[in-house]
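We call the chains A, B and C, going by the order they appear; numbering starts again at 1 in every chain.
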Amino acid sequence: MEKLKPRMLLVAKEIKKAIFHSRPIILRHHADADGITSAIAIERAILPLITDIGGTDAEYYFYKRAPSKAPFYELADVTRDISFALEDSSRHGQKMPLVILVDNGSTEEDVPSMRQARVYGIDMLVIDHHHPDEIVDQYLIGHVNPAHVGGDFGVTSGMLCTEIARMINPKVSDTIKHLPAVSAVGDRSEAPEAARYISLVSDHYTLEELKEMALALDYEQFWLKFSSGKGLIDDILDLGDNAIHNKLIFLLCEQANTMIKEQLEICLFNVKSQKLANDAIMNVIDVENYAQKFTFPPPGKTSGEVHDILVKKSPGRAIVTIGYGPDFAVIRSKGILMNIPRIVRELREEMKGAGVSGGGHLVVGSIKFVEGMRTEVLAKLAEKIASTKVEY
Amino acid sequence: MEKLKPRMLLVAKEIKKAIFHSRPIILRHHADADGITSAIAIERAILPLITDIGGTDAEYYFYKRAPSKAPFYELADVTRDISFALEDSSRHGQKMPLVILVDNGSTEEDVPSMRQARVYGIDMLVIDHHHPDEIVDQYLIGHVNPAHVGGDFGVTSGMLCTEIARMINPKVSDTIKHLPAVSAVGDRSEAPEAARYISLVSDHYTLEELKEMALALDYEQFWLKFSSGKGLIDDILDLGDNAIHNKLIFLLCEQANTMIKEQLEICLFNVKSQKLANDAIMNVIDVENYAQKFTFPPPGKTSGEVHDILVKKSPGRAIVTIGYGPDFAVIRSKGILMNIPRIVRELREEMKGAGVSGGGHLVVGSIKFVEGMRTEVLAKLAEKIASTKVEY
Amino acid sequence: MEKLKPRMLLVAKEIKKAIFHSRPIILRHHADADGITSAIAIERAILPLITDIGGTDAEYYFYKRAPSKAPFYELADVTRDISFALEDSSRHGQKMPLVILVDNGSTEEDVPSMRQARVYGIDMLVIDHHHPDEIVDQYLIGHVNPAHVGGDFGVTSGMLCTEIARMINPKVSDTIKHLPAVSAVGDRSEAPEAARYISLVSDHYTLEELKEMALALDYEQFWLKFSSGKGLIDDILDLGDNAIHNKLIFLLCEQANTMIKEQLEICLFNVKSQKLANDAIMNVIDVENYAQKFTFPPPGKTSGEVHDILVKKSPGRAIVTIGYGPDFAVIRSKGILMNIPRIVRELREEMKGAGVSGGGHLVVGSIKFVEGMRTEVLAKLAEKIASTKVEY
């Protein structure tokens, strides 16, 4: 992380500059535990500065935090951001905003929106740990990503943002020092940094407590949909009244776990498992027809929970779990040398008219396709998995 | 209803106390005719007091009326309510609100939200006539429900709320005295109280006119979605200009009845009827595939209208009507000793992985399940109905 | 168009009168290129007058532009409009608004909403070129439609609104003179007026540039959903900074064309074509199962693009293209004497319980039906097309 310092300092400087020039800030983040902790770290650092410069109500006029529905900067998002910025500019004489994308923004999928923002001279910063595509850099005035210095995905955005927050406003260091640890457990980071951040706050929070905060964030964000839920999120992250924090975490985790348990009872009963040619076990679950919909946990998390349980049941085996709906599939894997982005590329080329897209990380990801080709895409996907090398 | 008086006085006192202490009030209600009349009765009583205490704009800052999408206090609702309350508190120094749930709030399904509200010290009152679960009481500072004193479901929430409104602000008694009658016909109450309230206003409104108001409320709320539609609702309930009331009621009922007629033409053509072993007639209609969607009347009301017509066609017969969609079924029945909550419990236990939930009243209710198990659930449901005792 | 002048002057006068009396104006328009240019022409003319009368912020209090989701004045729209008007009236003492419907409002489908508006004494004006139903006139204080004087559908709403805008405020004539040309290419008008308006601005915009503006409007409105996107729309129509206009058009068209190309690759691969008894070619594409959903281009535009390509492939042949989803079908045709409104009427009468509705123009339109009858409706539709006379 030392190697990232110059880039982090640059980003910190740009954020401070925006505040001092009363440039509005739009902070967009991935709607999961890592994305939320990332954004909150920055928020905690900048709100006092914004208020210093612009007065007590400035945080409502010069700052907006917004979780993104998609795991990238969507066209619908940038359209809203530009629209509001143009109205604020013509009505209130505001400057065009600085957009900060955290735990989001490093990939090719962000480019269409970034190009629209650039037409309007909107400056953008990205702090992310998803594997970056070089093409995004031309649209950014700053980009922090561990991959730029050979770093690991396990260095989460929450860690990066917390360090940058400290550079922006050292006074908040103490307040936010547990956020990297929450982000680490939220993203299941196995990087050495994760262990260090976790031990850094072990006097205050056990590992279990950190996991509870991460789960509570996921659960609460589900009900918040795409609102920021400022006060509630602050309380989940123990940034307000500690007694409320304790009661809230206990309650939210109890509710989340009950709902996960109910969902699993339905799903596990309907999982189809088979042994593939490469000796891996492939589990398939139809999350459209055999899971409760429009409730917590949503399809992606449901598939993940099913996977975790099935992995525990067969230790030492290579396991792939696929949760599919009418036009998508979520993939989790363990012990097998998956390269999901490559599989997606191949399916896209081999299957004309199937509209395959998607990606993600090497071993965890998702695929979209047109409904009419679901059976064919899933069959081809299974074939490709069956010919992938297992690790054990 | 006399026996409920002490509880009603307590609730009235708590509401007045909140107003006098400038505590904001959030009034959440079921989005049907009974729920709306309940809420409007309270609204009429408290708005003048809120304005007295807080000035002309106070009703916009210290009061919000919001219909609930679900027939209970949903997690998405409480999340919004807490979020806004926390923002109003931190930005405008407001107190945490008093939440009043009317024609809603008496059952176990409300508990998860109530627990979240309680974490933030939000006081809650419930005025409801759905069969109450004792568990809710620990979260409430007041709860009025006829079942507590052995009363009947036919004592509607609209009746209870109107009486409480009179206790809060006697000056409005005359203005709102027809609301209980509208709620009674809306909920098809056959309780003696219904007849009394209807005759109480018979100088002003015929039974037909009361029914028209109830239908107009249902129809208008459908288009309002989950807005409160204050002015429109006031005019439907004849609380404003009487000439507008008359024109509006005539128009809305004409439009609603035309749409119901069109929907029925489609549905009735596609109803499948069969005689069960117990001699009851079971009518089944697929409201996903054989009804117009996303328009008035919605699936629940559509099923009810189909049922009413089929009941008329076979007087003196036990009749069950089931309207089903991909993951739900709505049940209406007549002349058969149904116990829907018990059927739901049994299905839930007997059918692993089907995700059965739901409930409602003894003879009217709904069931949810996962899409993949629809055929099995409906078959089992038919079996259970066939072995239920008929009344005639 | 000369013959329409008296009606246009009347409408212009009514709009000016509303402004001078500080009556709020709600401008609702079809959400396509013709509808947007229509609305922007009027907007440009009236905003300076509204500001003159009411001060700098008046445009936010006395004016609202809102694209309509449906191609008519929907009940949900009028409900919102009435609700807000009643609140503005009771809270801010505002008058009830004048509603102006452009590129919308001439047909029977608008009547239910107009009747609701009339209950509240809301005056309405319509400027439209869709085939008018006489019944609407009783609800309007002014109605401009070329069909009233034997004119052609090819005289677009954008042309009419621009002329009316010039009557309202002659100073804007120069600014908006390209809008009729954009609307003409957007609606593919082949009327002589189209050629005249296009040549009128040929010094400034090539035909290609006009088409790009129309495409950019469609694309941007898709992402705006049902926001007005004022500043963005202004820039697309070159009403602001010309450098931004150029960059924005280039970018939006590049993105729109890329997405159309991707969609077509999927769709064309899945089109089923057959020769009918009347020698016409019927192309059928399942846009639910073989097209990307919830993205640009939406089903209607997708079907149109498929049709255009297939027409080019078989010059001189009669061609009908049907894009269908679970409960709808979009129809495009060329070289065949289709009368879609009549076909819809016949299907509605012949197929009990199928819930057929819809319409549109003679050769371009859409049909709705209940999902369970899709196969039957499409088969019957194909039969009717096969017995329609081809033109070549």
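Keep this in mind: a residue touches a chain if its C-beta (ideal position, glycine included) is under 8 Å from a C-beta of that chain, and two chains touch if they have at least 3 such contacts.
Keep in mind that this is a model prediction, so the values were computed, not measured.
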Rotation, 0 to 180 degrees and nearest 5, that superposes subunit A on copy subunit B via CA atoms: 120
Same or different residue numbers at the subunit B/subunit C copy interface, by half rule: different
Rounded Å distance between subunit B and subunit C, as computed from the means of their C-alpha atoms: 39
Per-residue overlap in subunit C, given as positions that touch at least 2 other chains: none
List of subunit B residues in touch with subunit A within their complex: 75-76, 79-80, 82-83, 86-87, 89-91, 112, 115-116, 119-120, 327, 352-355, 368, 370-373
Complex interface listing, subunit A residues touching subunit B: 57, 60, 220, 223-225, 227, 229-232, 244, 247-248, 251-252, 255, 262, 265-270, 286, 288-293
